[in-house]
Amino acid sequence: MRTLCPAGLPKPSEDARDESLYNTGWKSQRDKPAGGRGSRRGVRTVPTFKRGRAHKVGLSPGTLVHAGGSKTEETRISLMTYDEAAYEERELTRVEEAFPLKDGPTVTWIDIDGLRSIPTIEALGEHFGFHSLVLEDVVTTGQRPKMEDHESYLYLVLRMVRSKDSTGEIDDEQLSLFLGPGWVISIQEKAGDVFDPVRERIRSGKGRIRKMGAGYLAYALIDAVVDHYFVVLERLGDRVDALSERLVTEPGPASLRELQTLRHELLFLRKWVWPLRDVISRLERCESAFFSDSTRIYLRDVYDHAIQVMDTVETYRDMVSGMLEIYLSSLSNRMNEIMKVLTIITTVFIPLSFVAGLYGMNFQYMPEIEWRYGYFTILGLMAVMACGMVLYFRKKRWL
Amino acid sequence: MRTLCPAGLPKPSEDARDESLYNTGWKSQRDKPAGGRGSRRGVRTVPTFKRGRAHKVGLSPGTLVHAGGSKTEETRISLMTYDEAAYEERELTRVEEAFPLKDGPTVTWIDIDGLRSIPTIEALGEHFGFHSLVLEDVVTTGQRPKMEDHESYLYLVLRMVRSKDSTGEIDDEQLSLFLGPGWVISIQEKAGDVFDPVRERIRSGKGRIRKMGAGYLAYALIDAVVDHYFVVLERLGDRVDALSERLVTEPGPASLRELQTLRHELLFLRKWVWPLRDVISRLERCESAFFSDSTRIYLRDVYDHAIQVMDTVETYRDMVSGMLEIYLSSLSNRMNEIMKVLTIITTVFIPLSFVAGLYGMNFQYMPEIEWRYGYFTILGLMAVMACGMVLYFRKKRWL
Amino acid sequence: MRTLCPAGLPKPSEDARDESLYNTGWKSQRDKPAGGRGSRRGVRTVPTFKRGRAHKVGLSPGTLVHAGGSKTEETRISLMTYDEAAYEERELTRVEEAFPLKDGPTVTWIDIDGLRSIPTIEALGEHFGFHSLVLEDVVTTGQRPKMEDHESYLYLVLRMVRSKDSTGEIDDEQLSLFLGPGWVISIQEKAGDVFDPVRERIRSGKGRIRKMGAGYLAYALIDAVVDHYFVVLERLGDRVDALSERLVTEPGPASLRELQTLRHELLFLRKWVWPLRDVISRLERCESAFFSDSTRIYLRDVYDHAIQVMDTVETYRDMVSGMLEIYLSSLSNRMNEIMKVLTIITTVFIPLSFVAGLYGMNFQYMPEIEWRYGYFTILGLMAVMACGMVLYFRKKRWL
Amino acid sequence: MRTLCPAGLPKPSEDARDESLYNTGWKSQRDKPAGGRGSRRGVRTVPTFKRGRAHKVGLSPGTLVHAGGSKTEETRISLMTYDEAAYEERELTRVEEAFPLKDGPTVTWIDIDGLRSIPTIEALGEHFGFHSLVLEDVVTTGQRPKMEDHESYLYLVLRMVRSKDSTGEIDDEQLSLFLGPGWVISIQEKAGDVFDPVRERIRSGKGRIRKMGAGYLAYALIDAVVDHYFVVLERLGDRVDALSERLVTEPGPASLRELQTLRHELLFLRKWVWPLRDVISRLERCESAFFSDSTRIYLRDVYDHAIQVMDTVETYRDMVSGMLEIYLSSLSNRMNEIMKVLTIITTVFIPLSFVAGLYGMNFQYMPEIEWRYGYFTILGLMAVMACGMVLYFRKKRWL
Amino acid sequence: MRTLCPAGLPKPSEDARDESLYNTGWKSQRDKPAGGRGSRRGVRTVPTFKRGRAHKVGLSPGTLVHAGGSKTEETRISLMTYDEAAYEERELTRVEEAFPLKDGPTVTWIDIDGLRSIPTIEALGEHFGFHSLVLEDVVTTGQRPKMEDHESYLYLVLRMVRSKDSTGEIDDEQLSLFLGPGWVISIQEKAGDVFDPVRERIRSGKGRIRKMGAGYLAYALIDAVVDHYFVVLERLGDRVDALSERLVTEPGPASLRELQTLRHELLFLRKWVWPLRDVISRLERCESAFFSDSTRIYLRDVYDHAIQVMDTVETYRDMVSGMLEIYLSSLSNRMNEIMKVLTIITTVFIPLSFVAGLYGMNFQYMPEIEWRYGYFTILGLMAVMACGMVLYFRKKRWL
């Protein structure tokens, strides 16, 4: 039973183990145009996908309304079709142009950037026979990574991450993958993706890709997605590293904020990667005919990578959570240092000041006042007191 | 065995995994009329459902006593009956008016608001053959979401949440759903629900709803309940967001209180959603004839949504729990700042004061006193001391 | 296999999931006569059951030595026997008087209060054929709730809790239940129990109880035990509520102590309820002939209640654990307030004092001294300094 | 499959659930002769068994080198042999003297104290046919409790604990048990054990022990080991109790150290008890012919005890971990008290001192100075200021 | 099914239990040549393996690019071949020299140090028929320990650790093991390994190793790897021990840093050991013909050792995490001590200074000034005040 390909329903027994892990639909708030709520401070910590979701409340299920908001751009459709001998690549203005290739002998890859064009999605759905709930998932960004086996096609949702060049922050978008016999359809939220190396390999004809079927292409796309998690994690690792330094050298609100940001980014990475692992594992064990045995061994490899990503995320989380404790200890330590300085100064000078005040009193009869060397005696006494105090603090190892 | 529809008993193996998760019966204490214990401060943190439960102690099982207390209102019974061609909608004064429709060809939906009318519940129970323990559960609010398969009908308990318009606080009530062949009965604690879009879809005849059976109607109701969790979470997210700002800009007891309130609300949301997921999963896998295969695919969709709700709740919990730590760090940081100011001022002026005190002594023989420029010398000395201190603090990076 | 009734051995796979949960044998230390170790402070936090256990070390297994200590009182034996038509109730001086009823047609309930009379237990064990290890468990209080199926009878250990009227503290005792065909034997540690409503229902003949067999009676007793957990939790909830207020209004060692007491009480409640749930679940799924199918449905209801108790305990634990953090934050906050006051006062007056000290010096040549308006100038200067400081603190939002 | 007796390999599925639980080989560092590293402070917290282990690195597996170090003493061999009618007890100088009894009709118990005599172990191994890896485990102390079924014999490793009379600290040693048809061999690290009551029962012939076979003897030994955990826990409970008091009355580094010691002792107890439970559970379910059905029921009893020990350990851990938090709160509280005193004194007197300093200035023209009642006016003003401050602190509830 | 040898894919059910445990590819940052980022402070906490991984992004799978970076050195190939009668050992310049031995009757062990020579790896892969993905794993250091059964050979990845002599820091490298019928190939990242004792045993012919096949050799290598974890843990234990002392005697940033370093080292050890245990367990249960039954029992032994390593790592983690809390408590304690000193001094002297200041006022009419014993009266008064204060602090137990 376990090697069957369950139709996309996470088994409760698997879910429960992953409790409190999943999340989806978080969007880097830094993308938001200025002026919105919370935009003043540059970082918003709360996912907004609920908004889209909440706006759909009450609609009949299967109604296509793009709920992804700010990330959507113009829709771009590009087509690649190849077999071992040749390949063709072109931009389409209408998705219908690609339909004749559906049952052709070549491998066809339709890549759609942007979800704004509902008619495109609908045409696609109609021609390829996708279920309306699946189409709804495609346009409702913020899905949790999942895999559904609809017999005539496989449907996958993944979260594709990239590192922004400037800041190292995570740029994420939803990727829908459809895999059928001889064709792959990928639908992304916006322009820009991680698939250029795959395209390059198709164009150059190097490696195995041109010799294998659509299943291998799907694998190659998933592999590209997983590999970019490594890139993102490397940037993140640099930031963890830098923060680790900075919390010691310049502790303060700014570092705390960065710490919190890192924690949130790791929180979301984790929530994308955990179900991803599940998706790939189900892909590999699934008996779908879309993957040949030789492709399956590559899926296993990608699965190992997904676990490695997960490990790294967990390690970073452990490190970042340890940082806060160390930081608190440092603050306490520093506080102790400050208090010591205050205490030493105060403790040394307050008694001296008292003595000085004593001989500043105006009593008419104060015998010491009239002594010839009273002043110097008192100065000496004060010096002794001060030295005593200092020795005392030495003994207590405060100095 | 797993695809069978277990008669409502949570399997221990599943329970144990969800350990410490469930809760039920929490009522927003803000509903309470003023004057009660704890009402002074506006927020009570401890659920009171036990009271109802405790008052029932010693009664024979199956005795119907409404134990839900303050939320109960007048009972309102409304009836919708429809098939693909037509629909009828009316208010009933007595529930018995709806009984003839039970075995009719149309889909019948009886919706009851308010639990005060025990005879209504009893009449319903008798006519439809509901078990007395089930009826007891209907009137004893504070049930944990569950699903029981009584062969001739399915019984579901869900917790229906809405966001109060004014404050964004959570307004929750218990929803009992009965599903039989051709009929659905929903019993709510009080007026007002999340089903208006469903009613609208029935009236307009748009979408699939009029074409499908009672199973699809039950699905639509559950879907409406789950969708409102998204609405509630969005409001909550706004509050988390605002609090995140406020803990930094105005840390203090008020923000701490808000933090605690948020934590409790998330605690309860979590405890309602976890078993909810279980309920839907069991519904989907259950072999009951009330759900056609085409409806079952929609249940899977709702299941995905329930998991997404769960994810979001967990994410918010992680964020809110992180907030307290960050807040504590901020407090420590701020304390350090305060201490630095105190220490710098004290450390600079106390030695100066001592010197001034020294020359305020009234000794008859103090040579410096009589020097022509003694005063200015001492002033200069003091300036040097002060500058030295300031430089020292500079070096220590306290300034 | 799972519906079989395993003979009392917790399956490791179930145990492991409940790791760190079980506990037994804790006795409210407030029962202890004064004078003992730790009695000075009124609360002892460490269970003492080990003592009893430890005193038994080295005895042959199955040896009956009452190890429960201080709670034991005189043994009271009461008998109830009933069928649908009639019931009889009487106090017995010797347990042997009840033996003739064992195989009679009526339902017989023997209720024994107090464990001091070892011969009574032994006579019972011999007549009913109880295993010597079971009898040892009966008299060795501090057992963990469990259920053992010895074919000719079922043996259950439960922990019965009540709320003390005066303080709301938990009063707990061990309850042993034997269930055979036509008879139920309940053995309690001490007088006073939660079974009066059950007795009343038997006497009045209302409800189902007189019509059903011994299995239903056992169910009714278990139900009474579980229902009293709700009563205890309600009292506890009030205390949690009150403490929540008090930690804010009068933080201090007393509230901390109360917090710790609450934590311990919840810790023990939890450890009694977790295995209780297991016991009931096993009862329900077990194939024993002692429970008819119609009774089994009631066991399912009691199981739901046990889960609800568990939920509430977990919720309280979450709340109480959150309280400490909030309390620590409050302390930090308060400390910051105190430090601010100190710092403001010190920072405003120390420079002023220095200036005053300056002009208290006795130098013979201090030009300002002789100025006509020197004094007023200086006073003005001081006022300016003070105002400057105050403005500075305003800017820093410390005032 | 589960009732089979797996040959000593912990199933991964069970191990994983016990993650982070196991430990072995910790030796009470207080046994160490003085002079070693860390001996200055009396308590070393880090297990040293690795040393022995590390010294064996590179040896061929199965090589017998006693790696237990400091605990080993002279080897003592004692023999008990009995049947229902008679018993014999004697000390052996050479283990070979016992070999003729191996296949005799009586039950033979060979008890070896001390691991220094490798030839004894080897002779034993050869005669009884023990695997060389098993013998290696016997002499390599620091094994984790385990059970291996080698068909012709069962091999068990347990950790035997006792409480030192003087301090209540835990004294632990490794116990190896071999069980074959008609014989039991127990090998301990050093003299002194927990088996005296068992020996006494054999001698007196009371109870069941003389009537039953070697399986029952093995049970009796295991039971004695488990029972002594209760004794140890009782002593520990007293220390937890005392510490709980002391953290409040005399908080300080000494109590913190004791707290840390308790935590470590509980950590190790836990790590010995968790696998112990597993061992007993496997023993009970195993189909070995060495245990008769009537003995098996006793194993179930011992299993219940092991779970009770585990519960108690977990409870103590919860308590001890709660203590630290309470202690930190107390420290914070106390700090607040100290700060309040400082702040009140400072805030009351600093302004007064300033005023006094003001009139200590030597300006030639200070009108108040010359007033008749200037002095008294100022004194009155100071009194008013002081009272104002005190009232202010009253209002703030600092007094 | 469980005894089958799954082809290297960790079963999700097992993975999930080990959640947040795995990690791979961490390299002791102290190896890095100076000058790199972070090298200033000597310790970098973030793994860099991602770099290698990230650089490979976009390459066709199975492309061999050594991604291990700084650890790679010249490749050294050594060959051992033996049977019971004889052995031969030599250094190879080209790996092809060993190929003729592949199918010979002797056991052949090819050991390769260094991954720089891609052609060597490729030649090996071609001759022995290794899958290209496996070869990719060999050269991509940072793999998670795993085992893959490719029918004609087994592939294992382990992480080999050693302790650096000078500092006790952990020196780790990736070890790839191939096991076929009659041959073992081990590929290490760099020169130096833990196999010298194995080589010695082969040379001397002592023990079992020369008599057994390649499976036993593989076992011996794995055993050597696991045994060195004990050595590393012993060094680590010493450092934990020393730190435990040092946190008390010299708390400060340096000890905090050491604490953090220890935590990270334990974090990584844990992440290497958890999958290691899995690998060995799968090896043992796997039905591969490469291991004879007599070898399998040794694998079980090594499995026990792996669990013991895991236990020790977990224990150290518990200890180290407890240390931070104790350290924070100590800091708080120390702060309280400092504050007490400050408060006592301040509180004693400030009122005295005020009195002195009072009589330093220059009012013309101050009756006490003119008293004969005014000065001494005031001195006495001050002494009384000081004593009162001291007594007050005594009472409060601050002194």
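We call the chains A, B, C, D and E, going by the order they appear; numbering starts again at 1 in every chain.
Here is the rule we go by: a contact is a pair of C-beta atoms (placed from the backbone, for glycine too) under 8 Å apart; a residue touches a chain by one contact, two chains touch by 3 or more.
Fair warning: this is a prediction, and the values are worked out from it, not measured in the lab.
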Those chains which touch chain D and also touch chain B: C
CA centroid of chain D to CA centroid of chain E, Å: 26
Distance from chain C to chain A - Cα centre to Cα centre, in angstrom: 42
Set of chain C residues in contact with two or more other chains: 17, 21, 328, 332, 335, 339, 342, 346, 350, 353, 357, 360-362, 366
Chain order around the ring, beginning at chain B and proceeding next to chain C: B, C, D, E, A
Complex interface listing, chain E residues touching chain D: 14, 17-18, 21, 196-198, 200-201, 206-209, 223-224, 227-228, 230-231, 233-234, 237-238, 240-241, 244-245, 248, 277-278, 281, 284, 297-298, 300-301, 303-304, 307-308, 310-312, 314-319, 322, 325-326, 328-330, 332-333, 335-336, 339-340, 342-343, 346-347, 350-351, 353-354, 357-358, 360-366, 398
Chain B-facing residues of chain A, complex: 7-10, 12-13, 15-17, 19-26, 37-38, 41, 44-48, 50-51, 53-54, 56-63, 131, 133, 136, 142-144, 146, 251-253, 256, 259-260, 263-264, 267-268, 271, 324, 327-328, 331-332, 334-335, 338-339, 341-342, 345-346, 349-350, 352-353, 356-357, 359-362, 366, 368-375, 378
